[in-house]
Amino acid sequence: MLDIPTPLDPRLATLLLHHEIDQFNARYAAALDAQRLGEWTEMFTEDAFYLVTSRENADRNQPVGLIYCDSRAMIRDRAFALEKTAMFAPRYLRHIIGNLMVQPEGEMGDIRATANYVVLQVLFDRPDATLHQIGVYHDIFRHTQDGLKLRERRCIYDNLLVPNALCIPV
Amino acid sequence: MTDGPAKLRDPRYRWPEAGLTRVPDWVYTDAAVYQREVERIFHGQTWNYVALEAEIPNPGDFIRSNVGPTPVVVVRGAGNAIHVVENRCAHRAAEFCRTLSGTTKEFVCPYHQWTYTLDGGLKAVPFRRGVAGKGGMPADFDMQARGLKRLNVTTHRGVVFASYADDMEPLTEYLGPEILREFEATFDGRCLTILGHYRHTLPGNWKLYHENLKDPYHATLLHTFLVTFGLLVAGNKSLMLADATGRHGVMASAKSDATKVAADVRGEMRAYKEGMTLAEPRFMDFVDEFDSPWSVTMATIWPNLIVQREMNTLGIRQIVPTGPHEFIMKWTMFGFEGDSEEMTRHRLRQGNLMGPAGFLGLEDNEAIKFVQDGMQRVPDGEHVVELDPQTAYGTSDTLISEAAIRGMYRHWREVMDL
Amino acid sequence: MTDGPAKLRDPRYRWPEAGLTRVPDWVYTDAAVYQREVERIFHGQTWNYVALEAEIPNPGDFIRSNVGPTPVVVVRGAGNAIHVVENRCAHRAAEFCRTLSGTTKEFVCPYHQWTYTLDGGLKAVPFRRGVAGKGGMPADFDMQARGLKRLNVTTHRGVVFASYADDMEPLTEYLGPEILREFEATFDGRCLTILGHYRHTLPGNWKLYHENLKDPYHATLLHTFLVTFGLLVAGNKSLMLADATGRHGVMASAKSDATKVAADVRGEMRAYKEGMTLAEPRFMDFVDEFDSPWSVTMATIWPNLIVQREMNTLGIRQIVPTGPHEFIMKWTMFGFEGDSEEMTRHRLRQGNLMGPAGFLGLEDNEAIKFVQDGMQRVPDGEHVVELDPQTAYGTSDTLISEAAIRGMYRHWREVMDL
Amino acid sequence: MLDIPTPLDPRLATLLLHHEIDQFNARYAAALDAQRLGEWTEMFTEDAFYLVTSRENADRNQPVGLIYCDSRAMIRDRAFALEKTAMFAPRYLRHIIGNLMVQPEGEMGDIRATANYVVLQVLFDRPDATLHQIGVYHDIFRHTQDGLKLRERRCIYDNLLVPNALCIPV
Amino acid sequence: MLDIPTPLDPRLATLLLHHEIDQFNARYAAALDAQRLGEWTEMFTEDAFYLVTSRENADRNQPVGLIYCDSRAMIRDRAFALEKTAMFAPRYLRHIIGNLMVQPEGEMGDIRATANYVVLQVLFDRPDATLHQIGVYHDIFRHTQDGLKLRERRCIYDNLLVPNALCIPV
Amino acid sequence: MTDGPAKLRDPRYRWPEAGLTRVPDWVYTDAAVYQREVERIFHGQTWNYVALEAEIPNPGDFIRSNVGPTPVVVVRGAGNAIHVVENRCAHRAAEFCRTLSGTTKEFVCPYHQWTYTLDGGLKAVPFRRGVAGKGGMPADFDMQARGLKRLNVTTHRGVVFASYADDMEPLTEYLGPEILREFEATFDGRCLTILGHYRHTLPGNWKLYHENLKDPYHATLLHTFLVTFGLLVAGNKSLMLADATGRHGVMASAKSDATKVAADVRGEMRAYKEGMTLAEPRFMDFVDEFDSPWSVTMATIWPNLIVQREMNTLGIRQIVPTGPHEFIMKWTMFGFEGDSEEMTRHRLRQGNLMGPAGFLGLEDNEAIKFVQDGMQRVPDGEHVVELDPQTAYGTSDTLISEAAIRGMYRHWREVMDL
């Protein structure tokens, strides 16, 4: 939990935590939009779980993910593969994150939060910016000695169809 | 209702002199050709994948699917038999089934509530005899004659196929012995458990996806990840199998240690990167659970099915064409009853290789898009498919071959009469 | 400039043997058929709704509208006469009027500022005589001959219609006595007050909307809300009226108490739900303000107008086709001068029944979409419209009838020569 | 007004009120996105006014609404009709709410606020997520003994045309 | 810096500054969406720099702008030209601003901030609302005696192509 | 592969009797006409702008561009020569170059890594000779014959052009002496510095953009800003120049003091507004840096280039058609080496005049859209272009003229054989 010099009005503590997570998400989006995947991997805990899957699968409790990482090691391999081995056309991405809701810190310092996201994509050979993916982050945050980290981020997208390929994480 | 047929007699549709070593762009880009493909291939003498039995385990379970572009409903009837019907009401054409899947006792069209049995029979027409002696259907209205359009259905090892043709040979014959063997190596009798779906569009012609999986050449070159981590390497044990007709195929390979690749071969492989390592190497482990010499097989079953056995990540891919320039791909990932929780997790982890976000999968989707882009923007050219001249067409045991692609077009031209 | 006409002589456009009890899909999905509809119907011998006089009360007031797909401007001239002109400049074709409505003394095209009088006459061409003796228009340039294209205009009870045909019969004749009576029951002489607009697209063929309102059968089945709260129930007082030509229609019914519906009838009505109640029942009240036996009438006035009198929520619906697969619907909701504030609120509350978010309206929009989906994805079929064989076509006093739809196609085939 | 133990810096009070309404809107969006219409109806006062209409109508001061409810009873009937009687295809919706502006609490405890909204829709038979509706909420909030409620929400959408049907409230 | 009666927890000061800029952006968007360009011009300092350019140009450090104003005088001329001289079709615009990140106040009172923006447009002759422009604001704010103002706003849009014309500033 | 050619013999494509004073809509809206334009104009006997040398200063530098709609890569070879090749792989048609610009030693297609030299020659085919004696290309596979499609290239004063025609006259001849003079007045020998790009779509036919810049009439009427601040005023010194063929043109004018405009002229200019002032007038200053009597010239160089010299804001505009109803415009704004920082800033400030957000630029984009809208929604009409009858077609020294537009169509009809 945040260490606070003077006892703070609990409503203000709530506000500060909300702001802290809001800013975490803004940095997270900025890292992905600039395709700084190394920075992105550092935003997770060692034992992190990261999943990108459809609302269809989530509603049916089917576990498959477009991306399925059950450790930061796998998140690092994802970043490594995309940066060092994967072939895909250059593109611009822009994440917009909103509707953040944070639950009070739970046992073991788990902080559950959700936020809606929109990923906009621009390819260099198509005129328009497109709604590439929309969905909800279902998150568990933790305060660590290295600061706030994601213990779990499940990205549940509303799209029924992925437009061709998901080249950069969500 | 385009003026396709007439149009296709036009000399512009003449195949290049060079024969099967060339494929003209119009095969991939022409609307009239596409229309004929729907008629003669997807609605023709073919078995089209529509679902896995495990998706509709109980009577009344149904799932939306497609035969070519045509939407159908796959449903398990009361008597456990599986029925496939067109998703179009016999009254005013409404696409009556809107949910992706579910369970029901009957199908009720929302517009006027004509009601159908699970096998597509017309069961009830509201106010059929009118009200107070007025209106309603003619006295001689024949309920029997007015059901939903039904397709022929067959299943094998839990995989469900449908056909518009009434005189189809059995699936086992349709596949032929070699393809059947590989099919049964994957569907080895264990019951399937559904792990979930991927769905994506792909802005390319549907045949390019078959060709991608009949093209072992690309695998050794495009997929750095595959090559670097030894899944497929030119020179190691592999086979590009085609059935007698050329329409079906299986790309098969055995995992090996890339570091052992002969230097000369590696020299040609730009994709190969020295000394790469994974932080979580176990996700590339192969648990040898199959009675097969191959660690990876990709079966392309004409016209709309791919069976992926990528080590331990298993999946169906169903092609749903939407026009000459685009198709939808629906993936159904599965495991087997009796998988330990750790085995299931292993399959899920290994799933990072494939699908629209897979290390390999995203590359293929991009590459196919590039090909369609090239044809649409620099039109009226042709493709060169002459690798491996020793094999005119069909099965080849070298990866440096396009013989399986030539075999597919030999079949396609026959069926399409082009 | 498609090759429609020629194409339409193709045998594929032959009507089914069964005659009017079948309607082939191409009627709803073919581009050449649509093109001919624009020429022969919307630009042909028809009166097309374009506006309400109350929308342009004063000289200079104008509003953008459409005749079929064609954009026009409806404007009240200095002399109070109403003019309808195409929204295309006579110089370089610019769509000069960009605002939805407004007030002006003249129309000025933004590109080169050719200026038009309110009745479409060419009033000024800048630098017509050049500058310093150079340039400008030819000496013989005839201003009279170069105005905007004008359409013929007629109005009745505050409703404005336009036609491309110069030899149209009067509107009253065009409607025929029965339709005219219903028209005048709604437009009963009171001055209209505009309450606002709805606009929506609908991904279906424009004729399906007419058919929906010539199809009393669906009303008793699709609309649970309607049925459960007694607005329209099979067996209670109702009429499906068609004019002599079959192109116009009025669906009329009298509100009754659904709980009194005979059990046998209710049995057929899946839509009927026992014991539903509203928290705010008064919004379903009917204030009987009209000289008519009907509490609800829906008049379909060929080719682009629907007049809604749904108890006390009143509205115009204007069909603007944009192709065979889609149209735009523009609604103009109105009341009458002298309505109390409470009466206006009552109309607004009751508005929740209709429109693209209306309890009934959204169901019809969805149902029509489903029908177009069904035809586009499972093509080349036909519709079955054989309810009520006692009535070959036209007016019928049972709700369990498709006779009015058959009547409409009898007229359509004649005009379309198909 | 919020009851505050110790006198609070007025700027912080403003911040807390802003946050309270921001979180109300996030919950409101979540209820609609999950199509929990019962929960949605509880977010209004008994005498609430709820309107969905076009910018075109609003600019002309024309009163008509796609949805027009001048009491919570009518809001309940809307939820009831959609859940129990209406036929429409299944769909996924996602609300993104941003640009919240809150005015200081006025007489009779009225709190006026505005926010921009985007409603994204995914149909199961069309490949793309679409911008279904965009607009502005013009709100009046009230603190009641049951917590913060909407006394009035006028949803003014910028779209000229509604795509086919508006099946779920905004 | 804000003048504060009692010494304030620095984290709360950060929060207040963040909120102040968030509200500035909300007002900025509202002024443009209502096409009140006069009000918009007043949100800049006299020596303001305002630029709208593509991510493509920005990445290459090429200075050109769709709109290039290196003084409030030029910003005023822009507003004047659009209101008094320019011919373009009427349209509805809606700005959504999110992912705000504010850096601590620097020397000379410069406050650096970034935010993602989406501009949605509705033309009267096209059915759909469209993603007209998406991008990032790169800002420098200053507190002046007239309140918070923009010393610099560089709007870097992700679109490769501008749809026809950019008639209203971003 | 549309049935264009045949279709174009249809009588519907007959030009109006009135001749060049009329332009029929189908010139701007028909798909078959557009297809022929690509073949006969962009891929025909023309020099197409593709890049500025300053964009690819060093060997290996490349930039994506287009010739008509066709994507090409413009690259500076090892020997400093500039090459233009189609962006389509010789193997399976992949659009291999995906980045907008960059620097490379060779081009490698991502799909199978066929490798090309900078001049488009096929340099390497992986596993060309197979592996372990199996597979690979035929022994007689001819690398020489399988490169990328190369276009002919010419440059003048740092501007790069390409052509599909092998027998093109030199650019200087192609331009003709008068156009060349204006071209060289702008490209006066100083080295260019790139200030950046604008890119926008425009929903209109590509020729309307040429016409807009061969239409001095509109400039005096549409552009209030231009007129009010004296950049172009009917009656002040100006010229609408056309080359001998009529395809190229230059609109030229000298800045003057609008307040001195004769009252009679001003009277006709609705656009002119009295007493407007700028808060930052210096951005309208003209620094006279060119050896030319004109302060503003707009050169339209057939078929895809516009050279803008708007006082001190200089730019290239490249037209990339994407169909009859839309094109993409790519702008390259530049200055000169040796520009002071203040001069660069002046150019950037003055840039507010042009481009898709320019005070003038946005008006032209909107006006052209309005014209295409008008034709698409009120089809099958014709345009009136009869201003300045004293000049049948071509060069005219009055602004109140459409002679240059007539000249362009005289040339177009000849080339298009329509």
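To keep things simple, chains are lettered A, B, C, D, E and F as they appear, and every chain counts its residues starting from 1.
Assume contacts are C-beta pairs under 8 Å (C-beta built on N, C-alpha and C of every residue); 3 or more make two chains touch, one makes a residue touch a chain.
None of these values were measured; they are calculated from a predicted model.
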item	value
Touch-network distance, chain A to chain B, counted in steps	1
Mutual neighbours - chains that touch chain A and chain D alike	B, E
Interface residue identity across copies chain B, chain C - same or different by half	different
Relative to chain C, chain with the most remote C-alpha centre	A
Farthest-lying chain, centroid of Cα atoms versus that of chain F	D
Euclidean distance of C-alpha centroids - chain A vs chain E, Å	27
Centre-to-centre distance between chain E and chain C (centres being mean Cα positions), rounded to whole Å	44
Euclidean distance of C-alpha centroids - chain E vs chain F, Å	32
Residues of chain B engaged with two or more neighbouring chains	95, 98, 100, 110, 201, 222, 328, 366-367, 370, 373
Where chain A touches two or more other chains, by residue	12, 15, 87, 89, 96, 98, 124-125, 127, 130-131, 160-161, 163
Which chain pairs touch, all of them	A-B, A-D, A-E, A-F, B-C, B-D, B-F, C-D, C-E, C-F, D-E, E-F
Residues of chain D defined as touching chain E within the complex	9, 11-12, 14-15, 18, 55, 96, 98-101, 114, 116, 118, 130-131, 133-136, 158-161, 163
Of all residues in chain A, those that touch chain B in their complex	52-54, 56-57, 60, 62-71, 73-74, 76-78, 80-81, 84-89, 125, 160-167
Residues of chain F that touch chain A when the two form their complex	64, 95, 98-100, 110, 201, 328
Partner chain A, residues of chain D touching it in the complex	5-6, 8, 12, 15-16, 19, 23, 25-27, 29-30, 92-98, 120, 122, 124, 127-131
Parts of chain C lying in touch with chain B, wherever the complex brings them together	7, 10, 12, 25-26, 29-30, 217-218, 220-222, 234-235, 265, 268-271, 366-367, 370-371, 373-375, 377-381, 383-390, 396-401
